[in-house]
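Take a look at the structure set out below.
Chain lettering (A, B, C and D) follows the sequence in which the chains are written, and residue indices restart at 1 in each chain.
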Amino acid sequence: MRRLGAFLLALIVLASLAAPWLAPYPEDAVDPLSSLLPPSPEHWFGTDQAGRDIFSRVLYGGQTSLLIAIAVLGSSALVGVALGMTAGYAGGWLRDVIMRVTDIFLAFPALLLSVALAVVLDPTVTTVIVAIAATWWPWYARLSMSVAASVSTRPYVDAARCLGVPAPLIVVRHVLPNSLTPVLVQLSLDAGGVILTAAALSYLGLGAQDPIAEWGLMVEQGQSLISTNWWVVTFPGLAIVLTAFAFNVLGEGLRNALDPRRTVIK
Amino acid sequence: MIEVSDLEVRYGTHVAASVPALTVRPGECVAIVGESGSGKSSTLMALLGLAEASGNVTICGVDVLRAGPRELRRLRGSKAALVMQSPQAALPPTTRLGAFMRRALKLHGVRASMEEAMRAVLLDPALLRRYPHEISGGQAQRFAIALAIALGAEVILADEPTSALDVTVQAEVIAVLQRLRAERDLAVLMVSHDLALVSTIADRIVVMKDGQVVGTLTHPYTRQELEAVFGAQG
Amino acid sequence: MVGYLIRRLGQALLVVAGVVTLTFVIMRLVPGDPAVAYAGPKATPEQLAAARERFGLDDPLAVQLVAYLRDLLTGDWGTSLHSRQPVLDDLALAFPASLELVGTALVIAVAVGLPVGVLAARFKTRFPDFVVRVGSMLAVSFPVFWLALAVQTIFATGLGWFPVAGEYDGDLDTASPLTLWTNITVVDALITGNWPILTSTLWHLVLPALVVAAYPAGVIAQLTRAALIEESTQDHARLARALGFRESTILTRFSLRAALNPVLALIALVFAYSIVNGFLVEAIFNWPGLGRYATTSIRSHDTPAIAGVTLLVAVVYVLANLVVDLLQGVVDPRARAR
Amino acid sequence: MRWHQGLLVGVVALTLSACAGGQVRGADRSPQPAADTTAPTAQTTQNAQTTPAAQANDKTFVYAPNLDVVTDWDPATSYSNEIIAMANIYESLTRYNAQTQKAEPKLATEWTASADGKEWTFKLREGVTFHTGKPLTAEVAKQAIERTIKLNGGAAYIWAPVKTIAAPDPLTLTFSLKYAAPLDLVASSGYASYIYDPDGVSPDGDKDGGSGPYTIDQWAKGKETELTLKAYDGYWGGWKPEQYRKVAFRVTEQVNTAWQLLQSGEVSFVPRLNPQLFQQASGTQGVQTASTPSFQNLLLLFNTEKLDPEVRQALQHAIDYDGLVAALKGAGVKASGLVPPGLLGHTPGKEPVYDMDKAHELLQKRGFGVDGTELELSLTYAQGDDDQKLLVTLLTSALKKVNVTVKAKPMQWSAQWDQGKKGGQDIFVMYWYPDYADAYSWFYNMFRTEKETSFNLSYLKDKEIDKLIAGLPALTAVDQVKAHEAYADLQRRILDEQAAAAVPYVQTYQRALGADVKGYVDNPAYPNVVFFYDVTSP
């Protein structure tokens, strides 16, 4: 199972990174006269309303989606784990404060907070990253907090405390390594979700804007042409499904390999 | 009645335990002793056909390793009963004790009085309405024994029955076990790492180390014999 | 138990207050003048000034926030700038339809996800398990708006098996008028025995509900399978096996109830998530839920309305969690001891 | 366990009782005789002639708008999408005809203006009653217009020239103005010009004070079929069997969903399809299309304070006008000057030219261009508008070739307008449409010097142009030939000399209707309005 996921993902990452060479046309080559051509040998996926080659844009779109996924997961894991660690290790009132803030962000429907933020900052790819990260870090905070809390009760952590080792050092050397596995597993599981949310944001017109190639945006643009030019909306949609599926399969495989016993609710 | 000969318990390719010969006659109590990881629990599981094993095991006339699933299911519970280490965890958390026992009795088509079985292990029948987490460890262990008796088991396999309990409660459970063994001529095979406790009730002690039987002591044991077997490891 | 409940309610209120403040502050940072949404795109400067004055848009942010929170407590959720109606009335009108859609979707998701999860756990590592795992992973990989478009084009327009859009046939409004009690069409139709509207609404509900149900069904199946497998490795399952119970009985009788705990918690979480997912589906299927109101509010950045929608979804999330807490007590006796 | 169930049951009962009581949604609320709603089914219409009392034609005209219909029920302040219903419930003194470019009689049968265009007298139609039963008199008309002016909402500013209104006799209405203005055109406006019975006005749409052919039947805000209208039997124009007696507005956000509903016959009219669907519609059986130039054009307003004149002229030449109109596939037609066709002041022959060499030449004059310094321009346009996105895409890639980078930012109107008022961008892209059929609206709003910027988003400050604009109303009222010359002169100054703006195209309405709808005429003076009384179905 895991091999399938890894293979699919490698394929997608390679195709996206190699977009500049693989793609037959530049990302934003506009050609109004050849707008909305059906799939053909020159245009494998056909062209969109502005006459741009959809196959090339799907490849470039891969770059955008992967960039968003990595940036969101990276930043939210960083913030989440840091907060989670301090909360888990420190305990007491600090833990409660952090947990309440996390609850507030958790209670906030992810898409709505992203939409609210995207409306505030003008719609660009960075906005999407900030908006989704703002709703994703609580998961990692809560996860790493529970792990840190259990790890910090282990005898060897108490022993280190008795030796007067400063708290931050204990956290970094002892608590952090043990908490990484569940967080890592969760990251791979969440990647699919991030891509879907980013696509939803762009679909609502609050994410990446023209002429940047972004799958959600391409679906939105092609949506009203579904009964006349089906290919404009179909291929970007399939790209989203395939990538999210690959991430999910890899995540599932990783979870079973690294962490067979823990079932983590996302 | 339990008869075992050249039993080998395997996890994939790794041989967890091998027992050349072991018999437990009705009314007799035999204990398998050894550190954790010496393969004693796997042996017990193999006796009920719940672990991959070769050789031959007959319990109450049933050749366990070659019996079909239906025959095995009839053996388990009604002839051979298992008592596990952590009492609470061994009972389904969301089912009341009485309901669980009633369903087990129905499964084996045994009509027995649950109240009588509870009294036999000195438990108040009213506890039947409780959930597992609403009773103590000792009570849970005795309930497991009551379950075995109610089903009419002739053989009891106990996997570290008392190690999770504190000393006073241990004595109660052992006393009940001893009394029932005598009254009902039960064959008891117990697995434990607590030598002191075992030496008070077991007729014979089989000592295992790293999956091998390293010695068998018969009651009464002299200090020398014990040291000879255990002292050697230092 | 009551003490525990009060503490949970306290936490819930705190969370909701936090969500409201967060939304309000974010919305007020939005560039552009909210008064335009009220006064109209071609309003004259005086009309804009009048609108700003009426809604106190010129006061400092803190004053506006305090005023907004105070009104909130008295049930005044502010006036929506673009619909010029009290926000609470707009929500009361539009939300039941979203509730109807998401509620049906969740019923389908549980009805499909749970048994499929049990099936996968029962035949662990064998073919049915593989099919369920791949299927559920696919279900959670679909972008809901794209799935809605595909399903509508294939089953409604293409094959014509289902209606293209709408909550029920338009002419039914006169042919067999519906008496409103809860504003949820299916419930009202059921209560007043209005069969034509009931059948028509259910028929219109099939496609959108299935689309919204895809994600929850997937995650429920995955979690049920994982929870069941974990339960079946516990000691009590081994004892049950030692007592001669058959594997399937162990799964359904003993392990399932214990595994329901995490699944219930998941349902509360997925419920709030699906409401927002529903917004995207409503636009495509012309479903008169909160989606249209939410997207219009966001587009005309109508702060009170957006804050109202967010608050409503947050309250639903908190309520769902509370209900789940109660249900967990019913399902799993251990939870009651908490 | 027990009290859990108690709590749950309690909660459910609470929500049930708290919600709306037993209010019946479908049934009629106004005092219509019950017989009216249970209209006989289709087959009985054949024998309609034999029983004149029976219903002539109960077919419903279903209009599928893409936005919520009603925001404001008050005819005085209504200023948004509800015009598509209000124009059928309320009537004005006159109605504009785009073919003759003149205002034609409606509630006023005839009218005269004094030589100086400051005194106007309107003769009112006899036998007209409002839906409240009250007959139409000059006194009621006077009250209505004065209430609209007092409320000063929506497009009330159109009555700015009015000094006093008088009702010498029940059927004569006279206006005296502060300055000459084309009052017949003003009275034909789509907004704030309705003549209504103030007692009939109600904010929650359960009754109306209109005199039009239809009255409100049922308003269910937020529902898919948001609004239904029904025929007003006492309408002065009378009723013929083939006319529609019922109208339903079924809100459909997605254009693709609207197209499916039209094909399946569930909807009779879709106001806007995208160009591709429109092309397919013209070839589809059971569907007819109508394409008419509107009074709405797309404008690029260049920041006259920040950009040099040569740069502005270069930008005028850098728009691929033909490529854009081709890509729009009929949704727009090339514009000639600021004033769309069908309005007084439209000057043919001013079509702009796409000429990148000339543009580059102009840029080089100011030190820009391929070998000059890179020019960066900020542009704002409407978020989510496909046509504007297309223009921006074409303009960005064209200017890239001459070393000009365009930072385009899609924004919501309120944010875009707010930034525009503070002079925050180089190019401001937006649509404009007049409130009434008079070209004056473009010049008064967008090119007249403003102390506090409202719509003059090219920040033009030119005394000469201001003077010419101020003279327009009087000329339109008194001497239309001179008015036309004044418009031509103004456009030469604004577009050619100052190069303050570029007008890529005039939007064409692309309507799609059911095949059975006959007699539909698209009147651009009333955006997206279908006059249901004027259409018939066999």
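One rule holds for everything that comes next: a contact is a pair of C-beta atoms (placed from the backbone, for glycine too) under 8 Å apart; a residue touches a chain by one contact, two chains touch by 3 or more.
Keep in mind that what you see is a predicted model, and the values were worked out from it rather than measured.
Chemist: Can you tell me how the remaining chains group up by touch if chain C is left out?
Modeler: Ignoring chain C, the remaining chains break into A, D | B.
Chemist: Give the chains in contact with both chain B and chain D, ordered by label.
Modeler: Touching chain B as well as chain D, we find C.
Chemist: Could you tell me which chain's Cα centre is nearest to the average position of every protein Cα atom shown?
Modeler: Answer for the innermost chain: C.
Chemist: Calculate how many whole Å lie between the centre of chain B and the centre of chain C, each centre taken as the average of the chain's C-alpha atoms.
Modeler: 51
Chemist: How many angstrom lie between the centres of chain A and chain D, each centre taken as the mean Cα position?
Modeler: Computed value for the inter-centroid distance: 43 Å.
Chemist: Rounded to a whole Å, what is the gap between the Cα centroids of chain C and chain D?
Modeler: Taking the average C-alpha coordinate of chain C and of chain D, the gap between them is 37 Å.
Chemist: So which stretches of chain D touch two or more other chains?
Modeler: 254, 256, 260, 383-384, 411-412
Chemist: Which chain A residues reach two or more other chains?
Modeler: Chain A, residues with two or more chain partners: 119, 223, 226-227.
Chemist: Every pair of chains that touch: which are they?
Modeler: Per the contact definition above, the touching pairs are A-C, A-D, B-C, C-D.
Chemist: Show which residues of chain D lie in contact with chain A when the two form their complex.
Modeler: 254-256, 259-260, 274, 276-277, 279-280, 320, 323-324, 326-327, 383-384, 386, 389-390, 392-394, 396-397, 408-412
Chemist: Which chain D residues qualify as touching chain C in the complex?
Modeler: Touch residues, chain D against chain C: 1, 4, 7-8, 15-16, 19-27, 37, 60, 62, 67-68, 71-72, 79-80, 152-155, 157, 218, 221-225, 228, 248, 250-254, 256-257, 260-261, 264, 266, 383-384, 411-419, 435, 452, 454-455.
Chemist: Residues of chain C touching chain D in their complex?
Modeler: Touch residues, chain C against chain D: 30-34, 36-37, 40-42, 44-47, 82-85, 90, 92-94, 149, 152, 156-157, 164-167, 170-183, 283-288, 292-293, 295-296, 299-301, 323, 326, 329-330.
Chemist: Looking at the complex, which residues from chain A come into contact with chain D?
Modeler: 28, 30, 32-33, 35-36, 49-51, 119, 122-123, 205, 209-211, 221, 223-229
Chemist: Could you please specify the touching residues of chain B with respect to chain C in the complex?
Modeler: Against chain C, chain B makes touches at 48, 50, 73-78, 81-82, 84-86, 89-95, 103-104, 107-108, 131-134, 144, 147, 151.
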